[in-house]
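Paired with chain B in one complex and with chain C in the other, chain A is shared by the two complexes that follow.
Our next item is the complex of A and B:
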């Protein structure tokens, strides 16, 4: 078990004089690293200081300072607080920052995202292409001077919204056709790609179709998705097959991209809360928590006891229903004709009943507030939760265990396939059940406890094989551990207020940065929020576990069969609302 | 050839007990399939006419022939499939309703005809110019080679036991000497045949060539409208005549008494429910695993059944 270590006094500026300075802006922490020394500092942090898990890489546009910043958050898998370090570059194209992919391969997709959204060129990145927007996209949408269609103002609430007590839709004022600005000479109707697919296909390695026995075989290129029943939404993987075996694979995403983060910057702090529901729409409760955590850190507000307990209860119920659905859907991916999925849905509905009772909505809960919760448990809900936790769910988890774990076909399909070593899993920034299945006991609830998780007695579930079967076992056991936490939380639930101070629409958030991260059912969910003292966040970044866990997809799939690919994608547990943001 | 027999032959083939009869009962049985599935999954399930509505809707839709397909193969494949099912069902049901009919070796012909739907899937998939179709076709090819071995071994066991390759004689033999099923070899052969039928019907865990969640239907991926309807119809017919065939060769034909007919229906339903339960409670095997299963376990079991039959057990 990982024990959180005490904050070490690490003075990077003394170690790298001249190249590293402490970030002295008010409300900021961490270090500012010179671009030229980035790789050296990163290697030092990983190899000597033990910050082996790169949690998040993200860009920030400081338009008033004419600076573009790339922020790195690295953590130790043994637990404890992380280290923030930043690289600043002048805001003049081309903005170049060295890529940290050689140090942390897990930065791969994230750096592509920053290139796409901020236009920061990462020198040395193996495959720097747009990832969330389409190939013909003009500009980099997260830059502060980039204006979206129907642009009105930088920040909500828009002044025009209630002119004479009536809402005027943006579309009325700005009819379709006049709402977009294009580059000089760019006509969207006439735009032809210089074959963007070609770039994608060449990034799949070229294989000379020659086998050892000299017989030429054709490789089949299969587009799994975007319309495919097993990609859990509009996700696409381009797969090159040699017969049934996967030779090469590239994930293609962004079909559901809505620039969640830009919307987040336009919104006020509280307006963002319901938007977080839509990220991982199975677990709106945990999404709320991550965001509330980040903003509470900035505001320095404490959460009342009762609210903390209810938060834990909701988050763990959310985890149980996520894992139940995962088990059912995973079996569906393996072809099991909906029977396990429907068994799982039956239990999930009961949990959603509780969410509906407390939040008013089954899936889009929007239940958390900064410093507490939206409302208290209604009468009778606690009894329902008790019934579920103490009687029904434990038996159901056991039933799943009995029906599935020893199932010959399940074992044959899952065991020994897509093995991920613990070293690789950490290097690729995998988090959540996939990482724990590889044998790394890293659970943020234990590694850097948030809320009141330090009070509960539970085990961090690990397996050693790192294969798909291990991922299944980890999730099954995690449901039991969640029930264990739930029992303690219900027993300890105190009376009292559920929010600090009066509930308010407009919170005052002091300037600064904060990174709130929680152990979401799918992995580490992080929110990086920067406030400049205004009612809207200056930067709102979501570290989505579904997105970053896909970095290792190619590594996990190559050499396997096409039938395994579907199952591997299932065991990663992605959800497209969060992946494409 | 006697032209006077033509109307009767057409009647047999197209209406009763050929195409129309088998298709209607087959669709009703797919409703049974859906209802049983629904009960197991604690759902309500569709009304009885749902399969008819589905086929009707498909038939009313345009069949899209994608650009670049091999048109002849693409269009003829569903027809071949339905022809195979129709002719095979004629042989099975003539044996059931007219025990004196049939011809020498009709059992062998039946085995060939019953593989036609699988072969037409291969043709259709390979001509569809879709990678999913191509992979599905190659998977189906491997699967046919694997599961037909078990299917044949089970039939040969029955042939050895009853000493005839003529359907009506097998039935007559069982009417006198009791069902083949109640012998060691018969029992093993029946189990082998049940699992091979699971694969022949494209049911889980052996629906590898279609694999909705992997190949989005494999050979069927590019089919729409009439083409898809014919494939579905052919599947529904197989879902009727294959279980009937199995019940017939292992337990003999029913006599003309209410009890015997009811008994026959119970046996038929038992086979159907077994097939359905296997289908809805298992995940799909991978191609290599399924091939290994059929070549080693099923092949071995089939050989053991045959050996017992040769020993007279």
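Our next item is the complex of A and C:
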């Protein structure tokens, strides 16, 4: 498997003289684009250079330089490395940057997030509202000069936590009621949700009361969630219904928001590793990998062979258990009473047993380290993995196939519904099984191999229909492909060290930026990390597949039934820990 | 004789209430068995007292009434749902007459000569409770549940009614006692009219809001449907009504298609009648539980399409086939001509299945 290489060398500064300059800061790559020329450059990149997939948009606050930066990462769906380009704006409110939603609709939710967390106004964005924090929130929390409640220091470890060896609780110093700041004239006691909710409700497209057959009907507005049995957590969708048909829909999220990224900037590099477990709590192994990849890029450290193989084994086991549990829970969303879910749980427990053996924890594994792994495989674990991979799991995947694939009700519920064309899927920055079900063979393990994935022989599973049934088939087949990779990885597992150098608590990370991305079970999981040479990252951004895949939710649901909405949300495969961060 | 009726009615009601308790236990254990887990096994030996613990819990739960609910209707609708599910059992014969203390007792509360009409009318009342509960809760999910319930009832009541007609044609009577006795002479009606029995079973699932037709309370879509706002004992009444309807409707199906209380030796030992009934009911209930454990839910509009485009025409065809068979056998004087009924109805059922299969393979469906 040869790595696709970038043949043409792209010189944007020559193409747009004056408007685009190369990013010359040490450790940085990419281009700095003038705000006024952004749309032109973006259109050029998409239409002429083929960077059709906007992977991630994020903001960075360079407080010392008095600059606010918006970073774009675009990739080609045909594979190969991506292109970084940045827009810088002076750090004076209002900070305005043109919105790229007209070019890449997938930037929709991400630009809202940047507005929410950094206060960058995107001119031309169709619906710029806060997304993760609540409507009455004061300030933009990711800015470097924004201090949170119980603020102590800019970075951990907080020395104030143990003056003379005595632990003092933060609450003792901050009496209750004194820990939250509000905007001028804002009284939380008198605040009602009317006005902000109004903004949300007016953002829904309402249809005219007259319908085609001349009978006047009324629509009803239903809030699916935040407390709802099938939203997989505290997720909310505001739906306008015409009878049972969905007319308009807006996702509302952030109920589980904890500002993971701000916490990440307070932590040291290694302290972040267990936090990544909590993003997509089904796949802590792959989450670890994405973060380790980004920091390893910055550190320029190589990973020993054995560690690379074990990483692949763990990530693929993680993918299998994720897809298994997805299948079970998906059927639950369709109304099957827990039987498929429990069948899936049975297999998942066995995989979690292996995670427990290697990492000490079943779900929050915290197993990867920069340049290797925390521990080697304990005795007997490889045999267990072999038993699972060579005997049990393949048979179980076949059993799922046999029990479900041809089921008439399942076919009737899934086939032909929520179709997403490949063009739309790419435009909306969908990744993972949803994108591949639409017929785009884009798998980062193949498009831009990381780790040692270029050594393995496996197929990128695609389907052409782009409907929910295709997404189901893709995931089913991906489990088989994962087993194929696992068989090769187990056969090739060498002896040797599992970490480069000796394990250390405090790693030295040179200044610079890095974007590490992996093919997580739910889609492209990316970590954008900026170091300024200090023990803590200056910026730590998570490109969460659950979050970005929801951009197209409205497009997929409108015109379907209310029962379909539940199923569509199920087929996207979201996890709220990652969605709300 | 008023005492006889009173005692029989009380026995029937308590049997149904306790039957409800054990049905929840049975369902949970059977589901657990299918799903490779254990199910309730802590309260009492093998968890047999679980239903009592549940009942006590529900009785002591706080009952909430939403502020904007229509209080009177909100209060009445569980009762409107519950009462028919008990009353409907009055006409079911549980066994042949028994002689006790020199007197002959019939093992039913009442034998009405239009028993089937009684069943139909009482069964339809229960839906009012559901619709009114959905409407009076002043909750959108509940409202949708109520609307779904009424639409579903209209679509499936027709099929149910036509399946009754098939039995009436074969038995020549609307009295349930006579229907059972008619099966003594020929054989179980399920043998003569297998497709009718299956059709009846499917329509029954829709009638009692069981999987895969539990639209009015589809958890994944509309939270808990019509009883979203109910708690405590009011909720328990809905729950009870649903499970008692399951028992009763299985009893009706046993009576109509599976020979009721008939079985070997039932004439000599009339007490065997209720036992045979119980065994047959338990087997039918297992099918309902099995369906719940195995299948996802059909989407609402497809459910309607299935009811109107497949079930109703098929039921009509079955009535026609049955009538033709009986007429042929009568005019030709050869009872063996009745055999064309199962043959023709199986063909009709097979064609219907093919049509469903084809419609599922279609990529777009209204």
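In this section, the second predicted complex is superposed on the first by the 564 of 581 C-alpha atoms of A that agree within 3 Å, B and C clash if a C-alpha of one lies under 4 Å from a C-alpha of the other, contacts with A are read in each partner's own complex, and residues count from 1 in each chain.
The definition used in the following text is that a residue touches a chain if its C-beta (ideal position, glycine included) is under 8 Å from a C-beta of that chain, and two chains touch if they have at least 3 such contacts.
The shown structure was predicted, so the numbers you read here are calculated from the model rather than taken from an experiment.
In the three-chain model built by superposing on chain A, chain B clashes with chain C. In the superposition on chain A, contact of A:416 is made with chain C only, not with chain B.
In the superposed model, A:506 makes contact with neither chain B nor chain C.
When the shared chain is aligned, no partner comes close enough to touch A:464: not chain B, not chain C. In the superposition on chain A, A:405 makes contact with neither chain B nor chain C. In the superposition on chain A, contact is made by A:338 with both chain B and chain C. By the touch criterion stated above, A:123 is placed in contact with neither chain B nor chain C. In the superposition on chain A, the residues of chain A touched by chain B in one structure and by chain C in the other are 220, 222, 228-230, 244, 331-339, 342-343, 346, 407, 409-410, 412-413, 561-564, 566. Those residues of chain A that touch chain B in the complex are listed here as 220-222, 228-230, 241, 243-244, 331-339, 342-343, 346, 407, 409-410, 412-413, 561-566.
Of all residues in chain A, those touching chain C in their complex are 220, 222, 228-230, 244, 331-339, 342-343, 346, 407-413, 415-416, 561-564, 566.
On the side of chain C, the complex with chain A involves touching residues 31, 34-37, 140-141, 144, 211-212, 214, 218-223, 292-302, 356-357, 360-361, 363-365. By the touch criterion stated above, chain B contacts chain A in their complex at residues 37, 40-43, 131-132, 134-135, 138-139, 204-205, 207-208, 211-214, 216, 279-289.
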